[in-house]
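What follows is a single structure, written as structure tokens, with notes after it.
Labels for the chains are A, B, C and D, by order of writing; each one numbers its residues from 1.
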Amino acid sequence: MTIGHTIWAIAEGYIPSQSTGTDRTLISHETACILNAGDVDADITITLYFKDREPAGPYRLAVPARRTRHVRFNDLSDPESVPRDTDYSSVISASVPVVVQHTRLDSRQPALALLSTIAFAVTG
Amino acid sequence: MTIGHTIWAIAEGYIPSQSTGTDRTLISHETACILNAGDVDADITITLYFKDREPAGPYRLAVPARRTRHVRFNDLSDPESVPRDTDYSSVISASVPVVVQHTRLDSRQPALALLSTIAFAVTG
Amino acid sequence: MTIGHTIWAIAEGYIPSQSTGTDRTLISHETACILNAGDVDADITITLYFKDREPAGPYRLAVPARRTRHVRFNDLSDPESVPRDTDYSSVISASVPVVVQHTRLDSRQPALALLSTIAFAVTG
Amino acid sequence: MTIGHTIWAIAEGYIPSQSTGTDRTLISHETACILNAGDVDADITITLYFKDREPAGPYRLAVPARRTRHVRFNDLSDPESVPRDTDYSSVISASVPVVVQHTRLDSRQPALALLSTIAFAVTG
């Protein structure tokens, strides 16, 4: 089943440099959850936008057919890592339709805070 | 009143295995809230997508006419239960138009964390 | 400026009966924020859907031209109050286009939890 | 790449007057994240709507080409500051297409609470 769009935008982006968690699951992070429900592998490129410099990227990754991938922006490193404590936005392009949702886990304080929203689907 | 779409996607999915709550309402859980505002019962099928295996499902359930149902992914068991601490996505198909919203309650730490977002409505 | 749609749906609904807050702003509550950016007053009707009974309502209220109103479901009382600790969904109809966003503040535990999402806009 | 719409609405708005955080990043705040992925600078105007008075604004700012700007409503001051502990809504107009996402960080209590949602995109 082919579901989704080929361009998505996430205007909000911010990775706190601090965490109180002690393992990977509880470290402050931002995630783009990408679902490829179709039968063709998806080539993904991510571009990051900042307040005061030219965009970074493209970051390249793949989401195979009938698979989902929860991409942590914290883990992006090629061509450069994502700066912490810095406002950014992202645009995600896919070679076939996918669905993108954005989530942040903030553990700067002992109590977790979570946010999530569907990304903006660019139609046409 | 017929409201909604017949296919919805939730790219984010993750059920923490840990909770600090002591009753059902405070156990970490993910929910798909499905509203059938129309006058015809809705047959629902849910398919789950993972990172490294073929999809699971279909899970089957019904939402009667003029009723809402808040489905906990934690409770799905046929054909198989939903693994904890594992990234997944879901696609929800309905025999008549419905509206789907996604919510997670995370009680891994004593302070609750909540997230919610409208699911992605597949048009046409 | 006329912005929005005339029918909106919020599939998620749940008012916890418990709060730890001591004033109105910190009591657990669900809110539908309704913006009427146009120049004509909006007559609003809200219908609530449940798991195991017929819908409740309509609840009637107004949002004047160029005004916003943050409606607490906790405060709805005519024709009946909204049950606590109970899953529900809502459909909001307006006589002119408006924009609806849904928010829950959960203060069952000392640390607040918040969720928010745009409601589902019914097109056409 | 031109992505987005030229009018966006955020029905939810509320800046708590209290915070427990000690630095700027942890003060309770509301943010509109505005992404201009295109090659033309965007002139932005923000109008605020209230419950019981005429709208405030327009507030004017710019988002250069290929840049993002996370605008804190707390910082708006011209033509007037945004009242705290007061319900409001906002409409954001842009001279070229942009993408807008809304986030609130609530630090009234020691544990952070976060919410975020895509703004409502006005089509056509």
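Some observations on this one:
The rule is short, and it goes like this: a residue touches a chain if its C-beta (ideal position, glycine included) is under 8 Å from a C-beta of that chain, and two chains touch if they have at least 3 such contacts.
Note that the coordinates shown come from a computational prediction; the quantities given were computed from them, not determined experimentally.
Of all residue numbers used at the contact between chain A and chain D, under half are used by both chains, marking a mostly different-residue interface. Rotation relating chain B to chain C, from a C-alpha superposition: 90°, rounded in steps of 5. Distance between chain A and chain B, defined via averaged C-alpha coordinates, is recorded as 21 Å. Rounded to whole angstrom units, the spacing between the C-alpha centres of chain A and chain C is 30.
Along chain C, residues 110-111, 113-118 each make contact with two or more other chains.
Of all residues in chain C, those touching chain D in their complex are 1, 3-4, 25-26, 31, 33-37, 66-70, 99-101, 103, 105, 110-118, 121.
Those residues of chain D that touch chain C in the shared complex are 7, 9-14, 16, 47, 49-52, 54-55, 85, 87-89, 91, 102, 104, 106, 108-111, 113-120, 122.
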